[in-house]
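Next come the structures, one after another.
In the two assemblies presented below, subunit A is common to both, partnered first by subunit B and then by subunit C.
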Partner chain A sequence: MASLNETGTTVRAPRAPWLTLKRRETIEGWLFVSPTLIGFLIFFLGPLIAVVFYSLSEWNLLSQDTTFVGLANYEDALTQNPDFWQVIRNSVIFAAGLVPMNMALALALAMALARPFRGVVFFRTIFFAPVVTSAVAWAIVWKFLLQGDAGAVNQMLATVGIDGPNWLREPNWAMAAVIVTRVLKMVGLNMILYIAALQSIPRDYEEAARLEGASEWQIFRMVIWPLLAPTTLIIMVITTIGSFKVFDHIYLMTGGGPENGTLVLAFYIYQQAFEFFEIGYASALAMIMFVIVLALTVVQLILRQKGST
Partner chain B sequence: MTRLTVRNLTKSFGKIEVIRGIDLDVADGEFVVFVGPSGCGKSTLLRMISGLETISGGELWIGDRKVNEVQAAKRGLAMVFQSYALYPHLTVRQNMGFGLKVRKESPDEIERRVNEAARTLQLDKLLDRYPRELSGGQRQRVAIGRAIVGDPQVFLFDEPLSNLDAELRVHMRAEIAALHRRLGNTTIYVTHDQIEAMTLADRIVVLRDGRIEQVGSPKELYARPDNVFVAQFIGSPKMNVCPVEAIRSPLQRAGFSTGGATQAGLRPEHLRIVDEAEGILCGRVSISEYTGGGALLHVELEGAPVFLVENSGDDAPQPGDIVHLAFSGSDLHLFDAEGRACHREPELA
Partner chain C sequence: MALSQPQLATVKRTCWMLSLVVVAIPFLFPFLWMISSGFKGPTEIFGEPTLIPRTWRWQNFVEVFDYQPFARQYFNSIYIACAVTVLTLLLSSLAGYALARMRFAGAALLMVFLMSALMVPEEVTIVPNFFLMKWLGVMDTHVPLILLPVFGPHGVMATFLMRQYFVALPKELEDAGKMDGLSRVGIWWKIALPMSRPALAAVAIITFLFSWNLFLEPLVFLSSLENFTLPLALSNFTDPYGAPLWHLQLAATSLAVVPILIVYLIAQRQIIESFAMSGVKG
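Right, the complex of A and B next:
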């Protein structure tokens, strides 16, 4: 806006700078989140949209022709293909075996290792080390240890007179073997989460309960366990989701066998896509897995909200 | 009959001795306060009595029973923690009934005793709330309620008011005193706040470095401290202490005998500002702190440390003013070279 100054010349009111503080902070904010945002768009949202598209198509890898088939791939999985339901059953068995075993062992280890004592760091490291060990190395070593009669596990069992099964060649034992070896690999992570939760519980609660006459079991059941509930819920959900997504372990130890006994969803998707080149069908399976994991996450959120109120 | 007897009690953590031979008798129904600076061992001593901390040496008797090796829950005690230690996942009713439940009391009996304690502490309307829904004072009352529900022989309080604001602390202090008058249980209370100790205690135990410095009624500790530490710890603002040598001449001129004492103590509230003719000590005001009802003066005496002087009324001297101070002989405390009180009435020479 123009005005006259004392000498009669026209002066303009100073224009507000374009780069206001608010605008500058907005730009800086976007710059800070942009690496994550770009990564999310390229590596998550893009592939997700592509999978949705391919799950509705028949994609011939050789001719590169893509034909829109609607929900046919889903229909095929849910109603036509008996393998699908066996895979789901295997995945549920895998999760049902792994989740309680992992959580119970993690909690027991955490209870033993939460309080400081001589050598506690050594034991925590021992149990956490498999988590950061290469999954490939872990699986190969266990495959070697679990070989039939030549395997170290069966040789040890033989020393006490037990004739061990051929762990990875019999369907039921193979499933048990991959569950147990997977638990041993991943239990350290949940142990650390439980240790953190236990250490955040004020000592006063335990002491107050002890003064009131509670036994160790009562203290655990009536004080510690309820206070661990939020952590238990998170651990349960992430472990369940992880168990539905297990791939490397199955691929390296059993290849889904014997007799499809360890054929779980993530490995089945891999097989369909990269062994049988059924990209459309594999994409539909991936979407089904996405829905299962999403449902588990929503359940977790609902339970957490209920818990906090 | 729930008296508590402590004989030569010691506690060591590794090579560090934190409680160094405590002897104490607490009478039935007495309210005893452990007071002392941070790290003096008062909370450790309380925890040893409670059974939450093991005893390294000596004997602890509750009534006629030696309890050194008795489990915490079987000593007949209840403790109120500084943090209240209310279980966040349980309601007030469940918190108060927790001890009875683990001891397998019948639901009817739990209900009756919780309701009775709730009535005593005016918690009736809060029974179905969770701790997070309560104010600090209400949580404190629930913690006390949880303690009284079990009908203990001895109450232990571990700095129970230190998480409350000043106003609420005064209120809760009065409630605890009233509760003790009503229930009459033997009570041991730990605090670092000497005002709390003075207002609540039948007897105060002053601790320093794991040892008892003095045991006595609040009045005894205030009027006849056994040593410089107690003299300065009890009373607020703390007692002025200076070498006798620094004020020997004015004391002699005023006719006070100091005997073999090497240190002299005067409480700020016992020093009066008077005319020059009546004055015993003379100094310059360096700071004048307005306290509402008066002022706290920092007075620089010649050859002595700065003395604090309480001046009531609105006519407080200003910084730079010269003031003359007087006191009565009975308010003069004398200590020997080791800081021990020279227990005799200061006399006119």
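Right, the complex of A and C next:
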């Protein structure tokens, strides 16, 4: 008996007839991935399945009893609890504000910093620095800067005669403040992804367009932007999903306030589960978050398919 | 007055640089303000804003350690991040190697299966994980903070990063190793790993920072001060009424952030590239 190994040479099978090279490779392969896979099943897939069951039950923390309640938790969220829709609205506003601002700024910075010039490394380093800084530190410092009258931002605005609002205590300003500071924290990441994409575009394309007499804007619009489309799509997916995950930033800057004005879905799940111990309800919220993120990913993947054909 | 061509270019360049500097202010300023305020006293911190403190209060950096077991918390963060990094490197390179090099039944399906994890936010699985950890009896220990990043979506991302790198490596050396009678594990450890230093470095960097900056998990799993990690400790410098003690909080934040920033400044190229790698593949 003989079988082929991966280099295509014929080798003798080992003595035990069932242990073909192919079988051996399968066993070894699974052994190699088993630590990752077992951990993944226990700490990720198991909990993901469990959360479905949790979301269909009502938990009594005193008696440690659970009762099956069907879709009551979902019904509660979607039709009973007015907080839920405010939270969804907040999450959508947060994403709708953050994603375009982040991407536009990232692209602008990348366009400015993709080609080498004196000081380019300096600027790249500065714009990327918040990415390696902990979200907690960033949120703490900005909370300090954005205090009412004593905050540095308002003190500086006062010197030019502007009476700044109490940023984190007024609902609309608070939302704007957490969006902008989050963009500042994360924009560097998208910037370097765009820089990498820009640097992979051959310069000839641009030169050719310039020789044809295209303006800078036309070159961007007709040559660069279409070539960046795949990168733009990936960045959009990552940034949108990321915006739904944001928790620490808002937890520390506004605590979800004022008047729940910055209470987003990730925070709401945390609050319901670990502050109010509404386990069933929190699990239903987690499922809703899962579905939203999944839907966003699928929609964007479909767009990508369309774009490439 | 008309400007000559080179003069015009200089003006343009200067305007360009100035606008970049203006955009850079909100990125750079918070760091400067954080450090400077960390040296101010509790009253000066609310007075006239000055970048250079009028009196340098070094005392803040002593009080930070008196207020809570900050040295211990600092150490916790370091050792947890190291443990997470070493485990992630080992497991992700092992699994990534198998997925890249070994043709085994079910490998393709396994890839898709693992990849689906990249879309799931941690918030979705945190509640069942809370009960799992409670059942395992590891609440208020560092076990969840080590296990969850290693086996969660971040670990999967690291596995893919390693796989992509192994796929692109030339096979010849490994085949030579096989001829010399090395086992699979031997080939992985002695040949494949040494060749994949750049990928290992990238995984190490993003994993260390991922663990170092983790907030939700410590918040959910830890309750005693001496078990806290840095991000949790930083949010905890408050007076009995819950109002932040800004001078201590900012001094502590500086102590946590500045070492990372120094490493970043030294190795910024390598660090930025690591994030670019993970971003494109993750």
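FYI, the second predicted complex is superposed on the first by the 289 of 309 C-alpha atoms of A that agree within 3 Å, B and C clash if a C-alpha of one lies under 4 Å from a C-alpha of the other, contacts with A are read in each partner's own complex, and residues count from 1 in each chain.
Basically, a residue touches a chain if its C-beta (ideal position, glycine included) is under 8 Å from a C-beta of that chain, and two chains touch if they have at least 3 such contacts.
Please read all numbers here as calculations on a predicted model, not as lab measurements.
Enquirer: In the superposed model on subunit A, is it clash or fit for subunit B and subunit C?
Expert: After superposition on subunit A, which the two structures share, subunit B sits beside subunit C with no clash.
Enquirer: On the superposed three-chain arrangement, identify whether subunit B or subunit C touches more subunit A residues.
Expert: Of subunit B and subunit C, C contacts more residues of subunit A.
Enquirer: May I ask you to decide whether A:Pro226 touches subunit B, subunit C, both, or neither, giving the answer as first, second, both or neither?
Expert: first
Enquirer: Which holds for A:Leu184: it touches subunit B only (first), subunit C only (second), both, or neither?
Expert: second
Enquirer: Would you sort A:Val136 into first (subunit B), second (subunit C), both or neither based on which partner it touches?
Expert: second
Enquirer: Please work out whether A:Ile302 is in contact with subunit B alone, subunit C alone, both, or neither, and reply first, second, both or neither.
Expert: neither
Enquirer: When the two structures are overlaid on chain A, which partner does A:Ala214 contact: first (subunit B), second (subunit C), both, or neither?
Expert: first
Enquirer: Pick out the closest CA atoms of subunit B and subunit C after fitting on chain A and give their distance in Å.
Expert: Scanning every C-alpha pair, the shortest subunit B to subunit C distance is 10 Å.
Enquirer: What part of subunit A is shared between its subunit B contacts and its subunit C contacts?
Expert: none
Enquirer: Report the residues of subunit C in contact with subunit A in the complex, numbered from low to high.
Expert: 16-17, 20, 23-24, 26-28, 30-31, 33-34, 37, 46, 48-49, 91-92, 94-95, 97-99, 102-107, 110, 114, 117, 119-132, 147-148, 150-153, 155-156, 159, 175, 184, 188, 209, 212-213, 215-216, 219-220, 230-231, 234-235, 244, 246, 249-250, 253, 256-257, 260-261, 264-265, 268-269, 271-272, 275-276, 279-280, 282
Enquirer: Would you mind writing out the residues of subunit A in touch with subunit C in their complex?
Expert: 6-7, 22, 25-30, 32-33, 35-37, 39-40, 42-48, 50-51, 54, 109, 112, 119, 121, 123-138, 140-145, 150, 152, 155-156, 184, 188-189, 192-193, 196, 234, 238, 241, 244-245, 247-248, 251-252, 265-266, 269-270, 273-274, 279, 282-283, 286-287, 289-290, 293-294, 297
Enquirer: How about subunit B: which of its residues touch subunit A in the complex?
Expert: 50-52, 72-74, 77-79, 81-83, 85, 87-89, 98-99, 102-103, 146, 150
Enquirer: Show which residues of subunit A lie in contact with subunit B when the two form their complex.
Expert: Counting only subunit A, the residues touching subunit B are 202, 204-205, 207-215, 218, 222-223, 226-227, 229.
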